[in-house]
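What follows is a pair of complexes built around chain A, which joins chain B in one and chain C in the other.
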Partner chain A sequence: MTTKDKYKKVAYYPGCALEGSGHSYNRSTKAVGKALGLDLVEVKNWNCCGAMEVKNIDPKIQTYLSSRVMSTAANEMDMDVVMAPCNGCYHNLKKAEYDLANDKESAEVVDRLSQKAGHKTYESGQVETIHALDWIKESIGEDGLAERVKNSLSGIKIANYYGCMYTRPRHIFPEKDQGPGSESTSKPHFMDDLLAAAGAENVDFPLKTACCGGAHTLSDSDTSTKLVLNILKAAKLSGADVIATECPTCHSGLEMHQIRAEKTLGETVDIKILYFTQLLGMALGLKAKKVGVHENISDSIKFLKERGLG
Partner chain B sequence: MPIHEKSLIRPENLTTHEELTLDGVDVSGHWSTFIETRVVKDYNESLQDEIAALPGGEEIHRCWQCGSCTNACTVNAINEDFNPRYWIYLIRMGMESELLRDKDIIWQCVSCNKCTYACPRDVFPEGVMKATAHWLERKGHTEKSPSTHFDEVFTEQVVKTGKIEESRTMRRFFSRTGQALVQPWLIEMVKRMLRGLPVGMLTRMGLATLVAPRTNDWSSASAAIQEYIDEQHEKQSQALSLAELVETAKQDVAT
Partner chain C sequence: MRTLAELDAVFDAPPPTADSLAAAENLLRASEEIIEHWVTARGEVPTEDQREGFRLLALHRQGAKDEPSFNACRETCREVVYHYNLVTMEPEHSDITDRLYMMGLVSKHLYLFISGKLQVAGLGEFCCSSKPIRSAGESQQP
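== the complex of A and B ==
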């Protein structure tokens, strides 16, 4: 089966954030999938991937938590591909995959915990974990997307923000940096490609993979605010109207600290923040509500209406 | 600045003489500021092993001090005292007292992994920063950082229910760190969030705060994870000789 066909039906792992602060990402991902004729089957009775917080307490527990999700997809649902739109979940599943293939001790701990928990141990290689970007890029592609566009995003200038977890550290993403057609870890472009196919104008944005300080968004808010302010200002100076995001933690970090910068530093940066799936959905002719624009904290409704979107 | 001299040229190690003649040469004044000789005697020879015994610190011995980590570091760009390369050097040399000068900022690593990406030796400096922050806390050199409190609140919830409900994690974090939940910027955020939301969505969010989402049949996984965490915690305490530390402290108090 070609990758293109393989990605048409995937196990969908939304993760905790997409049921909370990132709900509009969940909604828009599903809506875009439906509009494109792609099949999402949610992982049954899933659990948290472990996020950065559990990793900080014990990395092997994070590996186990992520492996349980993959085990369910592989052994109970007979799926080959798990798609995670959240950078954190995506990163952790990839990391677990790498550790299980390369670190015997991790594999032993995961086996022991899986047995005690009463489910099949996940064996590395059973599933392939992909991001929502890979999912659309590979199954539909730029040409396929361009054919389906009803409302072009033309005239909208976008800074594509990928964050940290999508490309770093390099070793857990063996499929990246493999030449033409593959994703780059230093200058990622999948989101740029998709939004360009939908008619948007991508600006040259130097902070694509800068850090928003998401890890300390509450525990060291001043640092996060400084880092977010850098990103917002750089995007604005690059000429962007919108920052497109692909991670619920980055997205809510940008939104929260945009407000915090206003309130604590008196620095206002007028720039819209939207998930790339929201932009794609509207390009495919979906209403703003359908892709959850009203659920965002950053208010873009008027901006979108003026441009004939949503 | 060459690494060795950093501690020597701190103001407290410099002396300026009003009037000083050496071998007939007048060396008085500020221009001839002298560096006090300093002999380092307080090496902690097990420091590197202790850091390596904590998760993330395992590969610290590989470092060859190229400085790529500090050069790539997100936090270093906003605070030049945040210097992973230097701390790795101090740990490897066993210069504990020097390391302790920076004890209050090491936890501020944002885990962006730019260092790990740049490192040519697979030291995983991000992991070393976490291990060092934990070492400082476990050894009693610092209080638990807000970040550790957050990690603990978060992990407790995952172990208990299998999932995270964000507002619950947030409330527990604020209460554990003794911060008011009612902060002006948070109020503004909630206001803006509520502006566009339909009633159905609000009800759903309200329900989530009352009834935590959970993974079904989680109890055996939960027990297995907790058992493993406790076991690792005990192993690390032994590697850090924490029992001896407590014993010494008791004797100090007694005498």
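== the complex of A and C ==
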């Protein structure tokens, strides 16, 4: 089976953020999947991937939590591919996969906890974890996407912001940096490629993988606000109208600290923030509401209407 | 090595475009000094070596040794270098003001990432992947 066919039906792992602050990402991912004829089968009774909180306390518990999601997909749903749109979940599942393949102690802990929890132990390699970007890029591709575009994103200048966890650390993403066609860890481009296929003009954006301060947005909000403000300013200076995101933590951080920068630092940066799935959905002819633009904190409706979208 | 507060002031000041070469040099040097702070806080001597023609990249490599989370600013360092080249190769370019301003924003991102809690709170819990550094830092505290 080719990768293209394999990715047409995947186990969908939305993760906690997509049920809360990132709900519009959940909504738009599902809507885009449906519009493209891709099949998402949600992982049964999924749990938290271990996020940053568990990982910082006990990395092996995080490995177990992520392995349980993969075990359910493989052993209870007979799925080969797990798609996680959240950078944190995607990163954690990839990290668990790496640890289970390379760290005997992690494998022993996971086996012990899996037995205790009463489910089959996940064996490294049973599933392939992919991001929503891989999912669309590989199953539909730029040409396939371009053929389906009903409302071109032409005239919209986009700064693609990938955040830090999509590509780091490099060793847990062995499929990246494999030459032409593969994703790059230093200069990621899958989101750029997809949005360009939908007609958008991508700008040269130097902070596409820079830290947004998401991990300490509550413990040290001022630093997060400064980091976000810097990202917003750099995107604006790059000539962008919109920052496209593919991570719920980055997205909500950009939106909330955009407002906070205005209130606490008196600095306003007029730039829209939208998930790439929202932009693709509208390019495919979906209404703004269908892709959850109304659920975003920042208001992009007028901007989109003026450009004939949504 | 300038203090973090002095470096903060460098990034907050509008780049003096009258002498774009000097402005780019100043931003590059300030970026090096940010990493010097990091390296020094780890109890090491900042390297004078260069990598791909830049000390900044050699310093980043030194700072990231045994500390994968520091790679979160690897591309930012490379972007500083890229913008330095952009400015110094065409110092009279019509977009020189924007290019210098962008170099300042990228350098400031490096500053914001490395400073703050990492520096002030004894290599605190700034980064989600910083626990190993935190632990090492705590064990080195008097």
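Worth pointing out:
We adopt the following convention: the second predicted complex is superposed on the first by the 310 of 310 C-alpha atoms of A that agree within 3 Å, B and C clash if a C-alpha of one lies under 4 Å from a C-alpha of the other, contacts with A are read in each partner's own complex, and residues count from 1 in each chain.
Methods note: contacts are C-beta pairs under 8 Å (C-beta built on N, C-alpha and C of every residue); 3 or more make two chains touch, one makes a residue touch a chain.
What you see is a predicted model; the values in this text were computed from it and never measured.
With chain A as the common reference, chain B cannot sit beside chain C without a clash.
By the touch criterion defined above, A:56 reaches both chain B and chain C. Using the contact criterion defined above for the overlaid structures, shared-chain residue A:168 touches chain B and also reaches chain C.
Of the two partner chains placed by the overlay, only chain B lies in contact with A:21; chain C stays clear of it. In the superposed model, A:207 lies in contact with chain C only, and not with chain B.
In the superposed model, B is the one of chain B and chain C that contacts more residues of chain A. In the overlay built on the shared chain, the residue A:234 is in contact with chain C alone; chain B does not reach it. In the superposition on chain A, no contact is made by A:307 with either chain B or chain C. Clashing C-alpha atoms with chain C after superposition occur in a single stretch of chain B, namely 98-106 (options considered: 98-106, 152-160, 224-232 or 242-250). Residues 52, 56, 164, 168-170, 210-211, 213-216, 219-220, 223, 226-227 of chain A are contacted both by chain B in one complex and by chain C in the other.
Partner chain B is touched in their complex by these residues of chain A: 16-17, 19-21, 23, 45-48, 50-54, 56-61, 64-65, 68, 109, 112-113, 116-118, 164-165, 167-170, 185, 210-211, 213-216, 218-220, 223-224, 226-227, 255-256, 259-260, 262-264, 293-297, 299, 301. If you check the complex, the residues on chain A that touch chain C are 52, 55-56, 164, 168-170, 186-187, 206-211, 213-216, 219-220, 223, 226-227, 230-231, 233-234, 237-238.
Those residues of chain B whose C-beta lies close enough to touch chain A in the complex are 55-56, 74-75, 78, 108-114, 116-117, 124, 126-127, 130, 145-152, 154-155, 158, 162-167, 170, 173-174, 177, 184-185, 188-189, 192-193, 195-198, 201, 205, 208, 213, 215-218, 220-221, 223-225, 227-229, 232.
Looking at the complex, you find that chain C touches chain A at residues 68, 71-76, 78-79, 82-83, 98, 101-102, 105-106, 108-109, 112-113, 116-117, 125-128, 131.
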